[in-house]
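Two complexes come next, and they have one chain in common, subunit A, joined by subunit B in the first and subunit C in the second.
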Partner chain A sequence: MPTTLDTDVRPEDRFVSAFKVNHGQTLNGTSASIAQQREHAIERFAQLGLPTKEQEAYKYTNLATVIDRPYTLPLSPEMPAVTEEDIAPFEIDDLNAHRLVLVNGRVHEGLSDIGDLPSGVIISSLDRAGQEHPDVVEEHYGAYVDFEDDAMAALNTAFVQDGAFVYVPSGTLLEKPVFVLHVHAGEEDLLIQPRHLFVVEDGAVAQIIEKQHSLTDARTFTNTVTEMYAGRDANLQHSITQHQGDHASQVMTTAGYHRDNSTLTSNLFSLSGEVVRNNQTLTPDGEHCESNLYGLVLGKGDMHVDNHTLVDHVHADCASNELYKHILNDRSTAVFNGKVFVHRDSQRIDAYQQNDSMVLTNEANIYTKPELEIYADDVLCSHGATSGQIDREGLFYLRTRGLTENRARILMLQAFAQEVLDEIRNDAVKAHITGVVRDRLARSFT
Partner chain B sequence: MSQSETEYLQGKADEEYKHGWTTDIKTEKAPKGLSEDIVRYISNRKDEPEWLLEWRLKAFRHFKQRIESGEYPGWAHLDYEEPDFQDISYFSAPDQKAQYDSLDEVPDEILETFERLGIPLEEQKALTGVAVDAVMDSVSVATTFKEKLEEEGVLFMSFGEAAKEHPDIVRKHLGTVIPYTDNLYAALNSAVFSDGSFVYVPEGVDCPMELSTYFRINEQGTGQFERTLIVAEPDSYVSYLEGCTAPMRKENQLHAAVVELIAHEDAEIKYSTIQNWYPGDPDTGEGGVYNLVTKRGLCKGDNSKISWTQLETGSAVTQKYPSVILAGDDSVGEFYSVAFTKGHQQADTGTKMQHLGKNTKSTIISKGISADLADNSYRGLVKVSKNADNARNFSQCDSMLLGDQCGAHTYPYIEIGNPSAQVEHEATTSKVGEDQMFYCHSRGLGEEEALKLIVNGFCKEILAELPMEFAVEAKELLAIELEGSVG
Partner chain C sequence: MHARIHPTTPYPPTNMALLEVKNLHVGVEDEDIEILKGVDLTVDTDEVHAIMGPNGSGKSTLAAVIAGREEYEVLDGEILYDGEDLLELEPEERAEEGIFLAFQYPVELPGVSMTNFLKEAVNSVREARGQDELSAAEFLQMVRERAELVDLNADLTKRSVNEGFSGGEKKRNEIFQLAMLEPRLAILDETDSGLDIDALQQVSDGVNKLRSEDRGFLVITHYQRLLDYIVPDYVHVMVDGRIARSGGKDLAIELEEKGYDWIRSSEGATAAA
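So, the complex of A and B:
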């Protein structure tokens, strides 16, 4: 039964009453621990309230304007008709992958094409995993994201129903990537809250490629929580492309936790959206971990993208890299708040962070705040932030080589973006996104 | 101040006393607490014009409103107890009594520090508060300086004097850069400021000497709520130094100063600060000074320049962000800072550069050194507004950690709204390099000497910005502070 949010009451209360109405519709209703967590989460959400601009973490991003709308909360599985043809344009050429398709936050088994899997590997909906593999789900679910001080994560936890689930057991090399395609469909304005869980056990290797698209012009607000776990010596590559159009807003909270000698990499591409807020946290809890965060934002129209990242160095002897780039056109706004936190006794940390922005118009804005909070002395931490325009000398050089002004600009911007694109480890994905970026830049100047 | 004025002042004070409270006025100290009466009392004691009292009262009402709404600026990375504003005495008359009759009575360790800092004998006397007649020389030096300044038309006097003698200039500029509504402490200062310095440099004048509060030390006693106003008319230049390297023990724990600088067309103001106040008990951190200061400069005219240089080694808690509003086209703002914290000290300092005019430039170089249990944060804002074409900023914030129990943090805010802006920010945090130490050892330097050398190199570009005579002392001061930080 869907519930429409009543905009006459305080936004927080709408969710609280919707929670009461749809009490039973939940992920794995039989699990006592998940049920208990949901109760606690809605309580916490009611106490915290929705984030406002008064809060330092939301200083530059006003969620109220996009969340305060009469959205429908689809609480039971009602699947609008989506066909293979509908999703075909969102495919990645030459990507031979295990495909999981989610429509409005729920796994669509008809459209999904998992194929053959190595033994022990599970790719399914979180809902199904909760029933079939409760041990794995309960071990990791809710373990890495902390909703005590995060209203949006609490809200997601309270309404948790479904999402993507990937499990790769110890020592397994998952050769083909997992392709997770999210589409929005239907005529209604929707507020959906998917919850994903990716578990890569000790020594396992996996690639997860997510893409977010929309088939509708209706307004949507997505409040996602993704939890990732990489065991000892594991390697998890995660990439996500946000391209849902001008009517889609979202808050995406990603928490990655990894153990000794493991590598966790996140590639994020924000290509369209109304208000997009990404909270990414990586916690390398073990020695010799490598944590990588890469992001590219192409701003157009009135798009507002806010990337908050935290690399939480709770353990000594780790390295982290972070590179975020923004190209802002029209009236778009980007916010970058990257934080590196080195705890006491987390010695010998090598943390690097860089944020570069190109602001192309007078109406575009960039707010950047690269933070370091360091309590250990034997560390090497640095951050850099730059903002500027296309290098005149570079442009001049290209003009002397016979390029038109527009071609030269496009080439310069492409080169600027390339540094982030180069960090994509999957060739098909790299070629695909490079093409999308190239087309976008070409369109911006013609 | 002539005798009659003093009498008049005293009379006024006594008058007020009748209506006010019951404390013995002879102590020259207002009773604890803050109220409109106290604000009136302060203004009265200082024989201020009516408009200034009105301004103070407005500020006080604003302060009260903020306090009543439960506001306290607790956003900085600082951990200290909120001061009880009703438990502070807001006025005490300058103490004319000498603390000592001669230098022989001054404790040896203070003299030793002076010796090492290379402070001249006469200044040592002035700083320790040796009886006035014993430092006749320095007073006469001050007088010579004053004459020379008067010749050039430079006004350099206490804020109180200026309010009376040049009310038009003071009134025109007071609170224009830092309105009393700016923040809680600016409101408090505006309501109860005791005294401070006033500098006015007329058009086309290069101030013939570095101005410092040094030689005014005996007529000072500006107390805990200092207010400084510097106005540089078109095409003028002034360099002002506040504080000194000598360790200063302050009576009051809370210090909330306000400094306003205004530079007109083609004018340049260089403001240097050396702060070495009591940092509190090294083992517990108790009793140290809270140094919560609002400093801001306005580059009002085209081609103007304001430069802040600071060396912060003292105080238990330091929170200050000397800022520049770059309103004039082609104006320049600079911020050079070394903040050294050790023991239980905490510092949250940095700057704000607001680019409004076209072709404006700003440079930020901040070095933070943290040892023992100290926390040292850089917090800064670079804002390029929509119409500030061709703005240029370079920021560099380096932190050095000298122990595994201290913290170093950077919170740079960068807000860009113009495509032609070129902004660069870089920050590093590291400890003293083992290879650097090794090299120094191999050249025969001991642990401590090596550390001094390396830290000195780390801070060199900042110290070089200080006026020459202070740069030497500042270097020594850092060396002294570093002692005992090896480990």
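So, the complex of A and C:
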């Protein structure tokens, strides 16, 4: 039975009472660790309260306006009918992937197409994984995201029901990428809390490609938590495209933890949304790790995108790279807070961070804050932030060669975005996103 | 004997001069200064005009105004191109009509591929001139030929526009684009500045190969040395926003010997008389 949030009480109390009503019923535990963490999580959530603009981390992002709505919590397993034709437009040409489809935060087995998998690889719903592979879930669930001081992660942990689960055992190279497609559907305004767990063990290699879309004009708020683990010598590439439309808001919390000699890479593309807040943390806990964070935000309309990232260098001899770019049109706003934390004994860290923004109108805004906190003395860390408009001289140069002002603009903005697009390792995904960016720029300047 | 490049399709023939600048007064947008104070100049096809003058005399402003730079404001006078009002046209429309400006400081455009940009540029001017769009193969063939003509390493065309190019490569890249876009009026804005002797020769050699009866050149330079390589038909000396003196190629040599003060003082003498 769906639970509708009562807007007559303060939002925190709404969630707490919804929890009490459903706890032990729809909110049971498919695995012991999921069940065990719920009660403590709702307690922490009640104590912390929803983030407000008084908190430094949410200074520029007002979640209250998008959370304080009479959403329905879809806690029962029923989901609206969604067909192959409905999701066809969201496919990526030539991807050839293991496909997992989630509707309103739950895996839809009928639409998913996992295909043949190498021995030991598991791609399923978190719900099913909790029943069938409790040992893996027990070991990793809740191990990388810390909800003690994070109300949204606590809220997710209290209400978690399902999400995507990927497990690649030690030494396995998963040749085909895992394509995780999220769609929202139905007429109701929904508050959805998916929980994903991606485990890539020692020496394993995997690519996970997520796309978020919507089939509905209803308002949605998605509070996602994703945990990623990459073992020694492993390589995990994670890309996510956020493109749910103007009525969708979300907080997406991603925690990536990785061990010696491993590489963890995140490519993020924010293309639409009402209020989008991403909290991404990478923790390279071993020697010679490489942690990469790349992001591209295309702001339009009244879109608000806030990216908070943290690379937590808890171990020496690691490298991290971070590049976020914004192209902000109309009245869109972007926030970037990129923190690199180098602990006292984490010597010989090579950390690079850059954030560049194109602010195309007088009404668009960027709030950027590179933040380095370094306690080791033998490190190489750099950061930079730029914001500006399209170079007039460059525009004139191209126009004197016969390009219209719009074409010159598109070409220069595409070139600006290219540096981030070039970091996509999967050719099909790169071609897809490049096309999406090109079409968007072409539509913006015609 | 150098091969000469001719535009593949001639433009509508006309009795008008290619370019007529009449009593042109130009200031800067939102500022109360006048840079050009009544310039008169006529350039026709099959002619090379050199404009010389000291720094700040307005030479580059004249080039920029002809190409359509928006920061300048025309206060008085007119520019006719084939007898039509040029000032009404956007920079890209001027390019389509056959005006090309080789920049004094070619702009670096990181991430903008030379090949993609040039293909789009060439095809947009071709379309405007009623010529067929080039196929990928035809375009590449043209790139190879024209790069060779101006002695540009064709590998440079695989990079981002001007990014990481040396000074000489940037200038040769301008001449290469000139060869690709086949303008009727080519304006070279201090193309010689900062070049060593080899680069100066290469650039001049490229320009000389591109001289044609269908094309006029306006060569802006501070120094007479360039005109040893690109021999002009006419030389104009610009001082303080006006063309103070015009003559044949010997004027450049005389100027080199006597210096710009000679023009200034004779200007003064004329004014006093």
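Operating definition for what follows: the second predicted complex is superposed on the first by the 438 of 446 C-alpha atoms of A that agree within 3 Å, B and C clash if a C-alpha of one lies under 4 Å from a C-alpha of the other, contacts with A are read in each partner's own complex, and residues count from 1 in each chain.
Everything that follows uses one rule, which is that a contact is a pair of C-beta atoms (placed from the backbone, for glycine too) under 8 Å apart; a residue touches a chain by one contact, two chains touch by 3 or more.
Since the model is a prediction, treat every value here as computed from it, not as a measurement.
Enquirer: Would you mind checking whether subunit B and subunit C clash or fit side by side on subunit A after the superposition?
Expert: Subunit B/subunit C on subunit A - fit side by side.
Enquirer: Please indicate which partner A:A46 is in contact with in the superposed arrangement: first for subunit B, second for subunit C, both, or neither.
Expert: After superposition on chain A, A:A46 lies in contact with neither partner.
Enquirer: Considering only touches as defined above, state whether A:T386 meets subunit B (first), subunit C (second), both or neither.
Expert: Only subunit B; A:T386 stays clear of subunit C.
Enquirer: May I ask you to decide whether A:E56 touches subunit B, subunit C, both, or neither, giving the answer as first, second, both or neither?
Expert: After superposition on chain A, A:E56 lies in contact with subunit B alone.
Enquirer: With both complexes overlaid on chain A, does A:G394 touch subunit B (first), subunit C (second), both or neither?
Expert: A:G394 contacts subunit C only, not subunit B.
Enquirer: What angle, in steps of 10 degrees, lies at subunit A between subunit B and subunit C when each chain is taken as its C-alpha centre?
Expert: 70
Enquirer: Is A:L403 in contact with subunit B, with subunit C, with both, or with neither (first, second, both, neither)?
Expert: Touch partner of A:L403: subunit C, not subunit B.
Enquirer: Have a look at where A:V314 lands relative to subunit B and subunit C in the superposition and call it first, second, both or neither.
Expert: neither
Enquirer: Between subunit B and subunit C, which one contacts more residues of subunit A in the superposed model?
Expert: Between subunit B and subunit C, B touches the greater number of residues in subunit A.
Enquirer: What is the contact status of A:T361 with respect to subunit B (first) and subunit C (second): first, second, both, or neither?
Expert: A:T361 sits against subunit B, while subunit C stays out of touch.
Enquirer: Once chain A of both complexes is superposed, is A:E419 in touch with subunit B (first), subunit C (second), both, or neither?
Expert: second
Enquirer: Least CA distance subunit B-subunit C after superposition, rounded to whole Å?
Expert: Scanning every C-alpha pair, the shortest subunit B to subunit C distance is 13 Å.
Enquirer: Can you tell me which positions in subunit C touch subunit A when the two form their complex?
Expert: 67-70, 90-92, 94-96, 99-101, 103, 106-107, 109-112, 116-118, 120-122, 124-125, 128, 160, 177, 181
Enquirer: List the residues on subunit A that touch subunit B in their complex, please.
Expert: Contacts found on subunit A: 56, 344-345, 347, 357, 359-389.
Enquirer: Using the touch definition up top, name the residues of subunit A that touch subunit C in the complex.
Expert: Going by the criterion above, the answer is residues 391, 393-394, 396-405, 407, 411-412, 414-416, 418-419.
Enquirer: What residues on subunit B touch subunit A, complex-wise?
Expert: Going by the criterion above, the answer is residues 75, 77, 384, 386, 399, 401-431.
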